[in-house]
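Shared between the two complexes below is subunit A, which has subunit B as its partner in the first and subunit C in the second.
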Partner chain A sequence: MNADLAVIGAGPAGLCAAIEAARRGVKVLVIDENDRPGGQLFLQTHKFFGSRHHMAGVRGFHIGNDLLEEAKHEGIEILLNTTVWGVFPDNRVAFTREDDKQGSVIAKNILIATGALEKGIFFKGWTKPGVMGAGAAQKMMHVHRVLPGGKVLVVGSGNVGLIVSYQLAQAGAVVSGVIEALPEVSGYQVHAGKIRRMSIPIMTSHTIVEALGNGQVEGAVLARAGADFRIVEGTEFEVSCDLIILAVGLRPFDELLRALGVEMAYISGLGGFVPLHDENLETSKRGVYVAGDITGIEEANTAMDEGRLAGVAVAEKLGRLDLSKAEELKSDIRRRLANLRIGSYGRQRAEGKQEVLAALRERKGA
Partner chain B sequence: MPDKLPNTSDDGILSLERIKTIPGYPGDERIEKGPVVVIECDEDIPCNPCEDICPKKAITVGEPITNLPRIDPAKCDGCIVCISICPGLCMFVVHKNYSKTESLIHIPYEMHPLPKKGMVVNGCDRSGERVCDARVEKVIESKKLNKTSIVAVAVPKAYFETVRAIRFEE
Partner chain C sequence: MRIAHHPILGDAEKRERITISVDGKKIDAYEGESIAAAMLAAGLKVHRRTAKHKEPRGVFCNIGRCTDCIMKVDGQPNVRTCVTKARDGMMVESLDGLGTWEVVR
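And then the complex of A and B:
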């Protein structure tokens, strides 16, 4: 098996890259370990922020459906239920299929678009049934149509925590409240405003101490969190709940990059260790590209545009696009990306991206 | 064990004083005159679908896209088209002088089931507190609204700046 471009991860970044490349005649193979493509788009029932070019006002799952249609139209092959476990120096991508069959593909170029992993926090009782990540709750609700709990405590007031609270309430759960260790809400005011109008309380400067319950979650012990995020002793109190949702941040899902030995750097504004890459999203390994949350935690709209940028860059490299057309397409996409990385929420991501580019230049020069 | 936490943060709530200073506020004078949108958007999020969708070109975001939406009180006629496009659900069309005693508030609504016309529901403020009865005058649901329905409620005039949500028992 061989391909011009192997895309690992069929989320918004991977699908957009595949579509842009395939549109120019690049032979693309997309691989995803899930049983359906689309990544987190199908967990996103809210409308996207941004501009018309970023599908603003359109709901995530509708965008997912559109991308799948486009991918189908381009005749892109997507291997599902397939886990990539290694990428070798001859650009061989090795994977295990659902039935335990091994396989591999040699690809001229590889795009790693594996997205992000949820972070956890650990407390007494955190392994009890009824403690889960926000993504799991969203998947249960939006994909499997199961309400994961009746009375919910949400830990974390970033956009994910605020949105999942809103979605849980829409699905019929009672949200006992959202707690946040920081002294202020981390997500957008408008997202917080939606749940406040539904009378869902938010407790800042508070953290979880323990999940209570016999065999499953029946409540939680909370306490004040000091400036160092430590529990302020003597401030503990209990709240009744049967579900505890952790929405305490994401980090790039970087295992394959590490296996490949791609140069990385820790950039806090991007959510942790991220791969260094150039303006075409090519890493320190020639022919290995990255796009989406693996390059730094952002949103689906930036992931889609990064995917497009990488897809165009690969098509250009393979001679499927002439230089001036490629430059035009790429500068359009870069402009759109820059537009999403402004304002008080976007600035640190823009700075993080600059650090990534500079660090790679520096290491190449050294 | 209590079922609900006490709220300690009003970060999600814009105060009325604050709302009246942002460019999405059409002005007290304009509100007297007839239905008009109040855009309760106060953060520099890169976002502008309201500007695109307004058929009267009454909303301007411009460049950079992080500008707060500015309402032109002369151009907006309270047509409600913008309410459902806003990802932040922060646009409300207010008709203060709907009748001698009542104001009409158009509110985005994404819960199930929808209320029915004629129902009396709880009119709630920005923190979800019930402040008054609200009579449902209109429920607008269409494919075009993309699952953000619009509920218009009549409330006592005293609450035209306060009621921004509804709640009811099935």
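And then the complex of A and C:
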């Protein structure tokens, strides 16, 4: 099997890259370990923000369906239930299919768009059944249509914690409250407002001490958190719940990048270790591109635009787009991305991205 | 608990109902869903006990990464139940420790 571009991960970034490249005649193969493409878009029932270009006002799962339609229209082949476990120096992408069948493809270019993993925080009893990640709960509710708990405590008031609280209540659970170690709500006020209107309290400067329960979660001990995020002794109190949701951030799902030996750097504004890349999203390994959350934790709309940018760059490199047309398309996308990285939430990410570009230039120069 | 009607997603699509057995108890499942989802719908949250301290574990990441939800499925130990689909008649058992070999004689 051969391809001009192998895309690993059929989420928003991977699908958009595949669509842009295939539209210019690039032979694309998309590989995903799940049984359906679309990534986390199918967990997202809320409406997106941003501009018309960024599908503002459209719900995530509708965007997912639209992307799948487009991919189908372009005749893109998507291998599902297929886990990539290695990429070799001759650009051979090796994978395991269902029933442990092995396969591989040699690709002129590879885009790694594997997204992110949820982080945890550690407290007594955090391993008990009934403590789960926010994404885990979303998948139970929105894919499997199963309610993961009846009475819920949510840890973390970032956008994920706020949105999952709303979604849990929408699906029929009682959300007892959201706790946040910082002195203020971390996510957008518009999301916080939605759950406050549902009478869900958000307790800032609070942390979890322990998950209680014999065999599975039956309650939790909470306490005030000081400025150093440590528990303020003597302030502990007990609440009852059968589900504790951890919404404490994400990190790039970078195992394949590490296996490939792509140059990485720790950039806190982007969520941890991220691959260095140039303005076309090409990494320190020629022909290996990245897009989406793996380049730093952002949102689906930035992931889609990064995917489009990488897709255009690959089409240009393969001579499927002339230089001026490619530059025009790329500068449009870069302008849209810059527009998504403004304000108090975006500035950190914009600065992180500049650090990534500068670090690669420096290492190439050295 | 199943979410029969969702205010945004609408009614769940019709799927074929199947039966699996978990530690000898028969539970309802739907074709295409994970073992873990079927168990959660039946109120079963404890999937195994750890080798050293015999602590309970259940679903944590739900994407096949953390391996907390592994169980014995049709005799095969250490199967990730969050990414393994339920099939009619499947025999699922709680895992105690690291799993054992099938003894043939």
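Definition applied: the second predicted complex is superposed on the first by the 366 of 366 C-alpha atoms of A that agree within 3 Å, B and C clash if a C-alpha of one lies under 4 Å from a C-alpha of the other, contacts with A are read in each partner's own complex, and residues count from 1 in each chain.
Convention: a contact is a pair of C-beta atoms (placed from the backbone, for glycine too) under 8 Å apart; a residue touches a chain by one contact, two chains touch by 3 or more.
Quick caveat: nothing in here was measured; it's all calculated off a predicted structure.
In the superposition on chain A, contact is made by A:R59 with both subunit B and subunit C. Comparing subunit C and subunit B on the residues of subunit A they touch gives the larger count to B.
Of the two partner chains placed by superposition, only subunit C is touched by A:P129; subunit B is not. In the superposition on chain A, contact of A:Q170 is made with both subunit B and subunit C.
Applying the stated contact rule after C-alpha superposition, one finds that A:A192 touches subunit B and leaves subunit C untouched. In the superposed model, A:G150 makes contact with subunit C only, not with subunit B.
Of the two partner chains placed by the overlay, neither subunit B nor subunit C lies in contact with A:R361. Of the two partner chains, neither subunit B nor subunit C is touched by A:R258. Taken together, the two complexes place residues 59, 170 of subunit A in contact with subunit B and also with subunit C.
Subunit A meets subunit C in the complex at residues 33, 35, 45, 59, 61, 117-118, 127-133, 135-137, 139-142, 144-148, 150, 170-172, 215-216. Within the complex formed with subunit A, the residues of subunit C that make contact are 1-4, 6-9, 12, 33-34, 37, 40-41, 45-47, 55-65, 68, 82, 85.
Of all residues in subunit A, only 46-52, 56-59, 62, 151, 153, 169-170, 174, 176-177, 179-180, 184-185, 188-206, 219, 222, 238-240, 339-346 touch subunit B in the complex they form. On subunit B, the positions that touch subunit A within their shared complex are 1-14, 40-49, 52-53, 64-66, 85-90, 110-112, 124, 126-129, 146-148, 164-165, 167.
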